[in-house]
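This report concerns only the one structure given below.
As written, the chain order gives the labels A, B, C and D, with residue 1 at the start of each chain.
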Amino acid sequence: MSPAELDALCAKVRAFVEECAIPREDMSRGHDIEWLDDVTRELRTQARARGLVLPQLAPEHGGLGLNWVECVRVFGEAGRSFLGAGALGCAAPDQPNIDTLLRIASPAQRGRWLPPLLDGRVRSGFSMTEPAPGVGSDPRMIRTTARRVAGGWVLDGHKWFSSGAVGAAFTIVVARADEGVTWFLVEAGNPGFEVVRSVPSIDPFSHGGHGEVRLRDCFVADDALIGEPGKGLEYAQLRLEGARLFHCMRSTGLAARALEVAQGYVATRESFGARLAEHQQVQAMIADSHMDLYAARLMTTDVARRLDAGESIRHESSMAKVFVSEAVNRVADRAAQLTGALGMSGDAPIANIVLKLRPFRIYDGASEVHRAAIGKRIISRRVRP
Amino acid sequence: MSPAELDALCAKVRAFVEECAIPREDMSRGHDIEWLDDVTRELRTQARARGLVLPQLAPEHGGLGLNWVECVRVFGEAGRSFLGAGALGCAAPDQPNIDTLLRIASPAQRGRWLPPLLDGRVRSGFSMTEPAPGVGSDPRMIRTTARRVAGGWVLDGHKWFSSGAVGAAFTIVVARADEGVTWFLVEAGNPGFEVVRSVPSIDPFSHGGHGEVRLRDCFVADDALIGEPGKGLEYAQLRLEGARLFHCMRSTGLAARALEVAQGYVATRESFGARLAEHQQVQAMIADSHMDLYAARLMTTDVARRLDAGESIRHESSMAKVFVSEAVNRVADRAAQLTGALGMSGDAPIANIVLKLRPFRIYDGASEVHRAAIGKRIISRRVRP
Amino acid sequence: MSPAELDALCAKVRAFVEECAIPREDMSRGHDIEWLDDVTRELRTQARARGLVLPQLAPEHGGLGLNWVECVRVFGEAGRSFLGAGALGCAAPDQPNIDTLLRIASPAQRGRWLPPLLDGRVRSGFSMTEPAPGVGSDPRMIRTTARRVAGGWVLDGHKWFSSGAVGAAFTIVVARADEGVTWFLVEAGNPGFEVVRSVPSIDPFSHGGHGEVRLRDCFVADDALIGEPGKGLEYAQLRLEGARLFHCMRSTGLAARALEVAQGYVATRESFGARLAEHQQVQAMIADSHMDLYAARLMTTDVARRLDAGESIRHESSMAKVFVSEAVNRVADRAAQLTGALGMSGDAPIANIVLKLRPFRIYDGASEVHRAAIGKRIISRRVRP
Amino acid sequence: MSPAELDALCAKVRAFVEECAIPREDMSRGHDIEWLDDVTRELRTQARARGLVLPQLAPEHGGLGLNWVECVRVFGEAGRSFLGAGALGCAAPDQPNIDTLLRIASPAQRGRWLPPLLDGRVRSGFSMTEPAPGVGSDPRMIRTTARRVAGGWVLDGHKWFSSGAVGAAFTIVVARADEGVTWFLVEAGNPGFEVVRSVPSIDPFSHGGHGEVRLRDCFVADDALIGEPGKGLEYAQLRLEGARLFHCMRSTGLAARALEVAQGYVATRESFGARLAEHQQVQAMIADSHMDLYAARLMTTDVARRLDAGESIRHESSMAKVFVSEAVNRVADRAAQLTGALGMSGDAPIANIVLKLRPFRIYDGASEVHRAAIGKRIISRRVRP
């Protein structure tokens, strides 16, 4: 895609977000999963009509065929609205689940689930995290078990923060088999798979919420196995590398939105005899936020460029995850501070942006876990600074 | 009160919080104003039975007669629960409103409203902040007007973030009269005083919410005047100095609670082959949080000591407000980070503590406003470092 | 230059720095201007023999003809040693002075001074900053005057922090004429131009030190005028944009050197029963430093890319200056902390790197000045985040 | 001492510092150990004439008999000058060495060395730290050995950063004997004790510098033993607790001095059309620095109060060391930033204050070591937040 074509596409996504997505945001319904499904379906139709859906997928799957670097800008535009990524079909966890179907799943799994996912007719879930003492940031601590039985497997365990699990047509469940960590595709309606509730979490507008799931004697047939037994940790690593990068892109867009609102506010709001924008502390906060976003986008783009070039991104993607997740939180926090009471209220999107971005410092590996891993890798591989 | 007596009182408050208040917390009802009223009434009865109510008031008003320094520890214990301060009758905005009645109001106002407030039979509100372009951090920007008419005054204006206004028996309204900024006591039921809604705000468990209020031809009789006309800014300054300090005390307790939960979690939760508590980054986060609380309590206590000694606290109270509000937010943020997904969920109090504390960096004067004022004062009065 | 060619060039510069420059560093002589001149001359000869001098200049001037993006990596390698940039002829203030000669100076000035500067036979100075109440961060406050007289100008004023002025063959002096701020080339030996001393400054290894200069009835002939009268602020802006970017490149190299030393130290040094590298706080500090350098290099490279493309970089160069100067200081500070007493001593380069980098947050515009300017520009031009 | 008496004493110390100590500071001689000895001797005489010496000692030893809390303010005043603590006889390492003589040494050692130390006729050293792989922050890693021989001991090892060792009349040497870590008093002139050099270190104005010491077959007689064999770690812990606290007091004074200079500068220096003091970023930096000093003094005073009350301060002294050392560095860094080029030059004391305070984050236990220890203690002893 030429630079001009990419500019044009970004402008179209931006127009869609301004004209369609943002007007449909209802700050009072951030935790209403059904409402989010309904409005996402409507917006998906509108986005499809504008030729904007599935930017990250190849044209053969109905996508726009963008490479990673191109996605950075397009996801950034979509991410400005809580509803943008869902509208374009690039929200988590469907987006990484589609990726899993394309790369790891069997032809039968792909044939069954890819079309409705791509169409936005169904949603999917991903279930790995467990309450203590189960798996959190350390993927080796999975306690949910997968036991081979005649014709399939029986899963038992307790999950929570299962992304998208509420109302999902199927959920990818990560469990421990004799062969090691293994992935399974569990369909809704399986009597051994119970979505107990959506865990109340501070981040609004999460598709399918964060399900708490009980697996009790949950039988799945052989064809529910995803990929090979024992390769679950490897799959998780791969999934996370891409998913994190998309998360970086979207969250940068959302933080930029908060800053835009704040810039508009300080440009007109007066205090102590001057517009807020004339106060130096305000100028410095705006400057710092632009610097944060500048660095965050450059880092995200650099990792994307490496992916497009087929390079390993393990190290850089980890650094980008930490840097970007913390940078966007600083940006959103300053936006809230700049807008005062308005920034604390549901009348402006800023408070919801603060809430939406906060968990990014924890999900996909807490900053502390990444920092330790990055530091160890640098020392053991003698990575030159 | 002797140190031993104070220790004993603190232990009793702590026991009350652990046995009565914390068990009644319902994280799913943080924005349910009526529920909060109901549970607060019940807890007030229990606290009264234990001899713990109104610690900040003189015995003649049914209080415990604590001085400011003693309050630091007692409010800190009460503040550990979202429900503690309300149970003891020392939550905002009733607590500063009682102070206003005692210090500024007329005998008639005091006679009418003090008893039910002290008993916890009614709640009260405070209405100063206005949406842009009205008053925010700069108190001189009040746009709500008070016009003298025969037998009283007519108030007109638009307020929001009116603390406690939803369901209040009366609300103190700050308006601009010819004489300058003036305070009025407006009773519920006044046809010109409409509480439009509770502004949705990120902080849960706020007594009476944050009302949006329309004043339209709101007539109040002469006896609604509080204190003298034109002295409103002076009253606000006085009110805020005390209110801020109480806020510092309570919020330190709440942050300590988040840290307690986090300490319990890291002491048992394992990750990467060791208990979390054995990881150095975790140790450093715990250490930093204790240092933050150590400094926050010392600063709060120092301002309290100055108040007890009758000294001016304008400068120190402003520094304490900035330092403590930012310190408790750091503590809560680290607690959330330490507890991972749990810290983001409504199952632990930490997420709600994060939300409850965030606005403290804005309410009662944003950090930036205080920093500018502190810096100016230092230069103009040549305050020696 | 192809990527492979650039890699090869960087490897050669690195080898030169390791084999020639670093071994000649003498930490005890950081403020010995003559020693620095001597060793720089020797190293220049060695660098010339390896074909490494003047990387930023066109081949017609004896340079390597690198574009800005290529310079980022090459200057980064050279900057690892205190002596590297001088050896390659790309140290301040000669490098921006050469740029001035090429872009603004008259043919006569260029003919007279370019050859010896390029050869490293002479050094040059730049004299703008004045002690209070003269010009600091605000370029409009210049107090040194330039008065037209028959056949030339008379300069009067007091300067300090005149880069390179001690021992310079000529110094570019910025003064205020009737036409506005104007630049002059003042040769050594002019009786009205006295270099009083080298201002003792914390940064070691500064070519020609930071001269304090007295201009008393300093007559210069008409041909001493550089460019046009009254265009001095414009020239300064242009000069600074490029000079700052080169400064970013070199200082990133120096910070990386500090981190390398620290990485080597923690990989072997033991404490509390484990190598330092196994302590999580150490890992986190290493990780944060790599993230800082990652972002700093990306930002520097992005500004370089814009320069190569002929775009305006006023905004981005200002952001990069603030971000990079602060990032490299964080990196050096962590390196010092990681190496403990060694990091405070002159036996390791780290303490000197800390000292060398500290002023970068002030020179070329203090961070605070840039932040205010960046913030104002964003608001006034409605720069979208 | 009554509050009024303490005020009067502080005023006298302040006057002494302003009238005698500060005028004698010569920024160009920060690393000239002999000059510092000479000027200190002269100032000691003047201080003695004003009745200000040895504030921390009992009157029976010629001191002022201050308790710990009183010392906080007096040391703070003395610490404003690089020469103040030495003038009053309360600089390290003599001050903790005097403490060692009084508490642990034998009557003979005390009789021999206390009088000249108290009089300021001699200086003393303390030698514990070793170059890698010897003892740094982890006191158990001592490699210098003490071997029993007939009539005494033989010490062998390599030390550096031996405080005050250059020119000391005696040095306390910490070594490893069969019984464990043991302290010895080694007199100057012992042929096995060689002070190789003063390690060049960034902190100026250190009495007796930071000696590098070689112990080769260093025989000391039995009476050189300090206290009991094997109790060296316990002694070190005790020594450090007090020494650190005095360090906190003095360094707070020095940071306050930097801030005073900066406040004077911004009150008059103009930039961008206004005095620097009118710029909000400047106001915020001043405000933050006052908050840092406010908290630092409160914490130092609280630990002093606990010491006066005979309480254990292990936990609080560790927190204070980390907090204060980092706070004073922030204050000094902001002062440098506020004064621009002046803050980088030797013409103002600020640059030297920056250099003097930097190592405090490392000496007496690096921040990271303390953080880990504090965190571990909190978890293992379940310290309530």
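In this text, a contact is a pair of C-beta atoms (placed from the backbone, for glycine too) under 8 Å apart; a residue touches a chain by one contact, two chains touch by 3 or more.
Quick caveat, the model's predicted, so the values are computed rather than measured.
Peer 1: Could you work out how many touching-chain steps separate chain A from chain C at minimum?
Peer 2: So the least number of steps between the two chains is 1.
Peer 1: Could you label the chain B-chain C interface same or different, taking same to mean over half of its residue numbers are used by both chains?
Peer 2: The interface is built from the same residue numbers on each side, given that over half of them are used by both copies.
Peer 1: Please indicate which chain is farthest from chain A, where distance is taken between mean Cα coordinates of the chains.
Peer 2: With centres defined by C-alpha atoms, farthest from chain A sits D.
Peer 1: Mind checking the centre-to-centre distance between chain A and chain B? Centres are C-alpha means, answer in whole Å.
Peer 2: Roughly 36 Å separates the two chain centres.
Peer 1: Any idea how many Å lie between the Cα centroids of chain A and chain D?
Peer 2: 52
Peer 1: From the mean C-alpha coordinate of chain B to that of chain D, what's the distance rounded to whole Å?
Peer 2: 42
Peer 1: Check each residue of chain B and list the ones that touch at least two other chains.
Peer 2: Residues 279-282, 284-285, 368, 371-372.
Peer 1: State the interface residues of chain A toward chain C in the complex, per the touch definition above.
Peer 2: 255-256, 259-260, 263, 266-267, 277, 280, 282-291, 293-295, 298-299, 302, 316, 319, 322-323, 331, 368, 370-372, 374-376, 378-379, 382-385
Peer 1: Touching chain B in the complex: which residues of chain A?
Peer 2: Residues 27-28, 129, 131-133, 136-138, 141, 160-161, 199-203, 210, 265, 268-272, 279, 281-282, 285, 336-337, 340-347, 351, 354-355, 358-359, 361-363, 366-369, 371-372 of chain A touch chain B in their complex.
Peer 1: Can you tell me which positions in chain A touch chain D when the two form their complex?
Peer 2: Interface residues on chain A, with respect to chain D: 279-282, 284.
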